[in-house]
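In what follows, structures are represented as structure tokens.
One chain, chain A, links the two complexes that follow: it is found with chain B in the first and with chain C in the second.
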Partner chain A sequence: MTRLLAPTLLVVLAALPLVLKDPYLVNALIITGIFTICAMSLNLLLGFTGQLSLGHVAFFGIGAYVSALTALGFDVGLPFGLRVTYEGGSPLVGFGLAIVVTGLAGYLIGRLSFRVRGAYFVIVTISFAEVVRLVALNWVELTQGPLALTSIPNMTLPLPGLGEVALRTKIQNYYLVLAVATLSYLVIARLVGSRLGRAMRGLKENESLALSLGINATRTLTIAATVSAAMAGAAGSLYAHYIRIIDPDVFLFSYTVTMVIMVVAGGKGTLAGPLVGGLLFGLLPVALRPVMAPEAQWIVYGAILIAILFVMPKGIVPALEALTRRRVARAEPNPALEAGAQP
Partner chain B sequence: MDQFLQHLVNASVLGGTYALLGIGLTLIFGIMNVVNFTHGAIYTFGAYAMYLAAVALGLNFFVALPVALVAGLAMGALIEFALLRPLRRSDIDTTMLVMIGAGIILQSGTLWIFGGVAKAVPTPFPDAPLVIGPVSVSYVRLFVFCAALALIALTYFTINGTRLGRAMRATFQDHDTAALMGVNVSLIYTATFAIGSALAAAAGALLGPVYVVFPQMGDLAAVKAFAIVILGGLGSISGATIGGFILAFAEEIGAGYISSGYRDAMGFLIIIAVLLVKPTGLFARAERIG
Partner chain C sequence: MLEISDLVCGYGQVAALRGISLTVARGQLVALVGANGAGKSTTLRAISGLVPARSGTILFDGQDVTRAGPQKMLRLGVAHCPEGRRVFPHMSVADNLAMGAYLRAADSSLREDYARIYASFPRLAERRHQMAGTLSGGEQQMLAIGRALMSRPRLVLFDEPSLGLAPNIVEQMFTIIGGIRDAGATVLLVEQNAFAALDLCDHAYLIEAGRIVKAGSGAALIGDPHVRAAYLGG
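And then the complex of A and B:
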């Protein structure tokens, strides 16, 4: 059943703007889509390799800043009297650079962090994210610090015959996010189904056993971290060119927590999990906004996170799968029993 | 040189409360193997308990302090009993996520109840600082330093000189064997979490009057506590004490001679450097990579 979930969801989401005209809701869906991409990428690490990275927001933020700065240009002094001046250019180039730079950052941070495991890995990843946030806050010449990067241009797409077209409307951005999300899903599905994906799951289930079978742990985990980071960077770039203003708050720990809640609630280690969790927690603020203050909403999120870990620790999608499996088993009587074992 | 002396004094004052935070976390981490993401929220909770006791209830400053400490003790026991006890057999990632959820609830609850505006806690100390030669230090900071040292000594005595402490150390070494010898391990876990939380609350209650009290004050405090624990090694009280002073010193020197904007980055850089160069901590006895 969950096998059909992603294609069905894609059709529904692609058709949705035909009926849904409320700009507030379209906006909520765009933001939800961007964070669902982050959740999918985090799931690659957390769900498939079993490494709880709590620094994922670093890649989202780096992607946003790289893309925005590529579009806006910068003029920054470096040590030894060097000076780098850049005029600014196409947001599409920014999108590509965001992916490359965050992929590289994911590779480097992965290389360093995977030397430790468990709680220490978690704390190292948080530390990396916070150091990056403090750099964004303090390197005012490059990032404008708390003054924020403003007037970031919209994303552009080269269309045949029309040149580079800026995506200004919400609907255009909606389809852009949907396209990137679909692509990310396909990349992850392909990766997870490959030999490398099996190595990842092997490491998650039993690292010593996987090592004894000749799986290179650091290499496998680093590849997962690189792909995961690049995808979060792409999401960050989409965010920067859609919202058009970013400040060091894009590195806040609460964004990481949002992504983690999406993955854990939906079902880590499943392809459909982050989609379900992402939609649920992306749209929950829309449902809760009329009835409660943002602080109170966060109390609800915290309570839901705890409740899910207590009630269905594997997440919604695996719980649903177990439910349908049980129903199928009940509908088809067990042949062994029919064959005449004595009651 | 005078400036350096002043930095040294500032760092010592700060180091005492950092050590309290670190000891609380290292006890919980070492004995229970729980990465306590509520530690920062409990630190904030302690500061607000101090504010409530001193301002809303109008208690004497020196009475409000133990009240805040006991509030932290009770909150810690409650969290352990309600959330950690049922999850004793779960893996470390699950408890970590549950602790994140609990931390969010505590912090957002504080923000919801008290609002985002920072509160000041009045102190009975004179405003004018104590000046000795080239160095000046305010009386309230001096008191905070002494109170922190007293609490560190008290914890040290509890761990090393009482029956409860012996049971805690036994549980840290091997909880199965400790249980076989008649130690009530469940009770030890509750006591450990409560004591650790009380120390965090005490740190908040002590630093609240020095600075101001606001809902996000625990965010950085939590990370600093992690840095101290990693620096000092798992479950080591003396390691956490030294780690607290080293971190305070690194921050003070970093802010004074490099850039004040990167003051708070020192903790994170220490974490990264220590874990990558010497993952067992500087003073550790126990193996920790698993």
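And then the complex of A and C:
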């Protein structure tokens, strides 16, 4: 049943703008979608390789800055009297560059920290995010620092006969985010089911056994980190061209926490988990807003999170899977469960 | 086929192997018996490249493989069937088998090998889409053996294949391992169930505190008074 969850969600989400006209709600869905892409990318690492990146927002933020600067252009002085001036160009090129640059960053972080793994990876990713935030804050000539990069152009798409068309309306951006999210989902699904994906899952479940089967742990995990970072970078680019203003706050630790909540509550290590968790915790603040005071909203948000993890420690999707399995088992007795009990 | 001389390995300050020498001839089933902590598993882990050697040499088919590492050893045809947590519990039976062929190209020979293993272990074929963790202990061990065979090994290292299994399954497991030798592969078997291993093997070594203390045919070791007293219950 959970296998049908993602296609069903896609159909519902694709049809939603037909009935949903409120721009505020469409906006909420776009932001939620962007963070759901981040959650999916985090899940590739946390859920399928077991490595926790607590600096995931770094890739999101780098993607946003790279894409914005590619579109806006820049003029910066470098050491030895060098000067780099760039006029600015297509946001679509920025989107591509954001993916390349963040993928490279993920690769380097992976190479640096996966020799030791576990806690070291967590620490390296946190530090990396903080360093990048400080750079964004202090390299004023490039990033404008706290003054923010403003007037970032909307994402453009090359359409046959029309040239590059800017996506100005909310509905257009909504479908753009939905398309990128769908693509991200397909990439992850494909990857996880492949030989490389089996190696990732094997490393998470039993590292010494995986090593004895000839799996190169550093290489496998580095590939996962590269893909994961590039996906978060793509989300960052979408964010920059939709919101059209970014400042060093895109590197805030609380965004990483949001991503982790989405993954863990939805069900890490499942394909549909980050979708469910992303939609739920992305839209929860929107749902609570009209009915209670701002202070109460976050208390309820926390209480719902605790309640979910208390009742469903593995997350919503694994709990649903267990529920449907039990139903099937009751309908037709499972010979496997009767013949051989666990040792 | 396999020649180990004066192998020393350890974990941190502790030396687990203090100079092991042993030989495994092609087509033989060689047993390595001894008590807990004697260094049996470490010997296997050193051969498959999971534990680095401090000194000594390991020759496989005459080639020095002392520092080869797990990938190289697998490519040379050495499969390791480790003890304890033998399978990936949250992966399907089919995925577990596929992990055994990780280093192999996905060609038609791979499909033949799946078919061969499912034919030898029909229980696995019935359960190929089930999570490996839902299998019984014996079925998990069969899966681990099947996974080791997926790499088309010439030498299979078995680490405590009978550990934690019901007695009737243990007997079945030794029959399977004997069958692997009879099919042409070479086997190095580590066991605490000394009697069964000595009964099955062509040649045996007794290891105590990181050293080989006795070697001989299985029958000779079964007849040895020291072995009888220490490992076979008198």
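Definition applied: the second predicted complex is superposed on the first by the 311 of 343 C-alpha atoms of A that agree within 3 Å, B and C clash if a C-alpha of one lies under 4 Å from a C-alpha of the other, contacts with A are read in each partner's own complex, and residues count from 1 in each chain.
Going forward, a residue touches a chain if its C-beta (ideal position, glycine included) is under 8 Å from a C-beta of that chain, and two chains touch if they have at least 3 such contacts.
These numbers were taken from a predicted model, which means no experiment stands behind them.
With both structures placed on the common chain, the touch criterion links A:305 to chain B but leaves chain C unconnected. Of the two partner chains, chain B is the only one touched by A:52; chain C is not. When the two complexes are superposed, the chain touching more residues of chain A, out of chain B and chain C, is B.
When the two complexes are overlaid on their common chain A, residue A:115 makes contact with chain B while staying clear of chain C.
When both complexes are overlaid on chain A, the residue A:165 reaches neither chain B nor chain C. Applying the stated contact rule after C-alpha superposition, one finds that A:202 touches chain C and leaves chain B untouched. Once chain A of one complex is fitted onto chain A of the other, the partner contacts of A:257 are limited to chain B, with no touch recorded for chain C. In the superposition on chain A, A:214 makes contact with chain C only, not with chain B. Here chain C touches chain A in the complex through residues 48, 50, 70-71, 74-75, 80, 82, 85-91, 95, 98-100, 102-103, 106, 127, 130, 133-140, 147, 151, 164-165, going by the rule given at the top.
Within the complex, the chain B residues that touch chain A are 29, 35, 83, 86-87, 90, 92-94, 96-98, 100-105, 107-109, 111-112, 219, 223, 226-227, 230, 259, 261-262, 264-265, 267-269, 271-272, 275-276, 279, 288-290. Contact residues on chain A toward chain C in their complex (touch as defined above): 195, 198-199, 201-202, 205-206, 208-216, 269, 336-337, 339-343. Every residue of chain A that touches chain B in the complex is listed here, in rising order: 52, 112, 115-120, 122-124, 126-128, 130-131, 134-135, 137-138, 253, 257, 260, 264, 293, 295-296, 298-299, 301-303, 305-306, 309-310, 313.
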